[in-house]
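Two complexes are shown next, each including subunit A; its partner changes from subunit B in the first to subunit C in the second.
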Partner chain A sequence: MSESILAANPATREGRPWYRNRKLDQYICFWSVPFFYNLFGLVFVPLSWMMPPRSPTSDIADVIAFMQSPNLLIACTILTLAIGLSAVGNACYMVQMRRMSVSPVFLFAFMAGAIVGAVVGALFPMFCFGLGAFRSGYDPEILQMMYDFGYLSFIGSLGCFVLNWGMLGLAILLDKNNILPKWLGYYVIWQLMTEFFVATVWIAHDGPFAWDGLLAFWFNMVIYVPWQIIVYVCIFRAIRNQPENELRNARFKPGATYA
Partner chain B sequence: MAITTADAEPLPDTNGNTTAPGLVPGEASMWFFILGDLLIFGVYFVCYMVYRGEHAGLFLQSQRHLDQGIGMSNTVVLLTSSLFVALGTEAARAGKAARATRLVGIAFACGAVFPILKLVEWLPKLGAGITPGENLFFMFYYLMTGLHLVHVLLGLVILGFVLRSLRSASTPNMKFIETGGIYWHMVDLLWLLLFALFYLIR
Partner chain C sequence: MSTRGQLLLLWTTPVAGVLFLAAYLMFPGFSPPMSPTMTPEEVAAFLQANLTATRGVVIFVNLIGASLVPFFACIAVQMLRVGNSSPVFAYSYIICVGIGLTAFILADYCWGVAAYRPDRDPQLVSLLNDMAWFFFIAPAGLVVVQNLCLAGSIYLDARPKPVFPRWVAHFNVATAVLMIPGAFAILHKAGPLAWDGSLSFSLRLATFAVYVAVMFFVLLRVVQQPVESEGVLL
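Then we have the complex of A and B:
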């Protein structure tokens, strides 16, 4: 249906410079996502070696060396500055969820889940990991505690995202406007199954269920990364196919006066 | 999700001829979920076997704490339930809605016994201090049977929607009934594997 509307109004796609595209807001939000994830990847891995996660049973000397590394403080600063981009990226989902024929409860619960996830899963660990290099005199036991706190909130917080993604999955399945494909709804719910298994990091110190373990971390990553890419591809298609008459951007009204 | 499948894609309700040659029974996107779910469980099963090989003594000793009687009862309950779902689907295909409702109702009742049996099994263990933190075997055990239990509960919700669809619609939505049935058979299949891996292999 959307294709036919676009075909009927050629001006909506052509004959207009990109910066006057009426979906520019959504495209900016969308393209912030690859920027955000690439920045995260660079900061997590080569800059600080925060990821892949270090072992919960690491030697205390290794923990101190890691926690006091200046690169870790720089990484935490960059991530704390950049975490706001997650709000921009999540806006892509929310604009599309708003078009679905489902209760607004799904949208609000998704939003709240995303906020809690960002605070617990991103900001808490940054504050923990940044402290060691900020002041050099902390006791080794305190650094060890911050290390545990950092990784537990970083990896153990995936439960917040279970709610977040669960709301998206259910909204897709219940939606009758077919904003996103139904198989994606099942894919979202399917991916959630692996996130339940992360609860084990609160119990296991080593083996497959520890925070650096085969099942609690590595298998989840293998499932999560392609899934996240596919979700964003579907979101991109939903933005592209959204008819212009469904956009909610306020238009400039010549002669408008204050009420 | 159950509502969607019933309402979003109202299919021509034919009595028994919805499965055209070359098409899978039920909704195609549900198969996507089922194959994916089997893949995830498959990876966990393989990991379980690998770690079992590495810690054979620990796993064998821990397995002795499991009650094969309750495990067997769970298997019988689920298999019976699956049989009634299959019979109910056949009845719905033949246009006998009342009979299908009765059969799926029995399947639901059998399925509802499963979580109760799980509680009977888990609570004394947890009371005796055998928790997921006990050792690697019990972590696998609680996690995988727990995830399966979540599937059973979701399956009961779906069967509830199937019952509602059978009772309220003048002509049953076969696609939806088949989708619910396929999901329920998957839950059954997963339990058979769990039962074999945790209770039987010695």
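Then we have the complex of A and C:
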């Protein structure tokens, strides 16, 4: 019966234009992710030059000059307007976790991590730098404190990411619906392990374990960037492969009447 | 899904309004808001002169922030009913509410700490005040994304009888646009875009107040749709 309705209505087959795609909500949110990561990169690299990280042992004159650069305020403004998109990117993971055969406990723990992560991993560190630029004349010790607070919070916030990748990795491995591939589950757990490397930035001031160090920063970055891209490619495939009859809006057919 | 609990929670929205009115009438010290051009010494002097008002407002604002959460939660629950392919917009919405509320309450606490020991080094008082304003500005960006998510989900509602009327989507896009200038208060110390300016402060607060009031009445109707047979969607 439903097959004949689908066949009779050409719009429900591949002939559907993109804006009538049933999964349009998921595709809109998915494509906000590359947009957000590009903005995020723009804010933290060429606009603020906060990344790659400056040295924890920088000369106080350099710290002051950096903390007072006006570009930091533009970076803060863009981040303020775009930070909500981090929520949209995380919601893309959550939608796939919801489809898995695991308890919603993974989903809600991930959600809590996503909320905290956006505050301590992006908004707060950027504001620490922006505050120095907003008002010239802050004492050097204050600027040094905001500099440390910004970098430690940005690079050293491991807790919420350990939580998030733990929830995602475990959910993938326990899932019986094979929403995301099992190898991705193991890959996510390995990514989680690299988060522990940043623990040393809270102690070391220079060398490989400092916040600009070879192990604590560069090693992590080299592993993280391809990992993040691979995860989102897998999410995209999961959206694309979701059968039409499983979609929440699949039961609403145009022209039908409902009680 | 029962409607009674939602209706009950929805009535915390006017409570937030009453709290706001009470704070405004009891402690009028903050209208007009402090100017971003005040020096650290002036900020410290202002807080010392308005100590009771600051502390009172800090306590009220904390409660106002918290009493708006059930309102946003009701919207999120109704978004989960909207006929989209997935709950992606609703999940985005909930995370945005969490981030925005955290920033809002951090702003409140920065002012609270500044007023706790106003004889602190004026540099530190001023830093807390600036930080409070930054965090006060941040929720504007989250409301923008939040409203666009709600609008997107309404536009794509496949239900023959949509959960939200379509004009609510247009209304959410309009309020999102009006909130955008608020974020530029980080860049400007004077004029309409400064944090005490007409666009960043007055327009933003007025937009938000009208938004909450209109959405409250929208939700009153939406929440009472007969949905017992639908079950609960996560």
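Here is the rule we go by: the second predicted complex is superposed on the first by the 235 of 259 C-alpha atoms of A that agree within 3 Å, B and C clash if a C-alpha of one lies under 4 Å from a C-alpha of the other, contacts with A are read in each partner's own complex, and residues count from 1 in each chain.
Definition applied: a contact is a pair of C-beta atoms (placed from the backbone, for glycine too) under 8 Å apart; a residue touches a chain by one contact, two chains touch by 3 or more.
Source: prediction; values computed, not measured.
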| item | value |
| --- | --- |
| Subunit B versus subunit C as contact partner of A:Leu170, first or second or both or neither | first |
| First, second, both or neither for A:Arg98, with subunit B first and subunit C second | second |
| Partner chain(s) touched by A:Met193 [first = subunit B, second = subunit C, both, neither] | first |
| Touching partner for A:Ala61 - first (subunit B), second (subunit C), both, neither | neither |
| Subunit A: partner with more touched residues, subunit B or subunit C | C |
| Contacts of A:Ala204 with subunit B and subunit C, given as first, second, both or neither | first |
| Subunit C-contacting residues of subunit A that also contact subunit B | none |
| Of all residues in subunit C, those that touch subunit A in their complex | 36, 40, 83-89, 91-96, 98-99, 102-103, 106, 123-124, 126-127, 130-131, 134-135, 137-138, 140-142, 144-146, 149, 152-153, 156, 158-161, 180, 183-184, 186-187, 233-234 |
| Interface residues, subunit A side, partner subunit B - complex | 170, 173-176, 178, 181-183, 185-187, 189-190, 193-194, 196-197, 200, 203-204, 207-209, 214-215, 219, 223 |
| Footprint of subunit A on subunit B - complex, ascending | 1, 3-4, 7-8, 27-30, 32-33, 36-37, 40, 43-44, 47, 51, 132-133, 136, 139, 143, 147, 150 |
| Contact footprint of subunit C on subunit A as seen in their complex | 22-26, 28-29, 73-74, 76-77, 80-88, 90-92, 94-95, 98, 104, 107, 111-112, 114-116, 118-119, 123, 127, 130-131, 134-135, 137-139, 142, 146, 242, 247-250, 252, 256-258 |
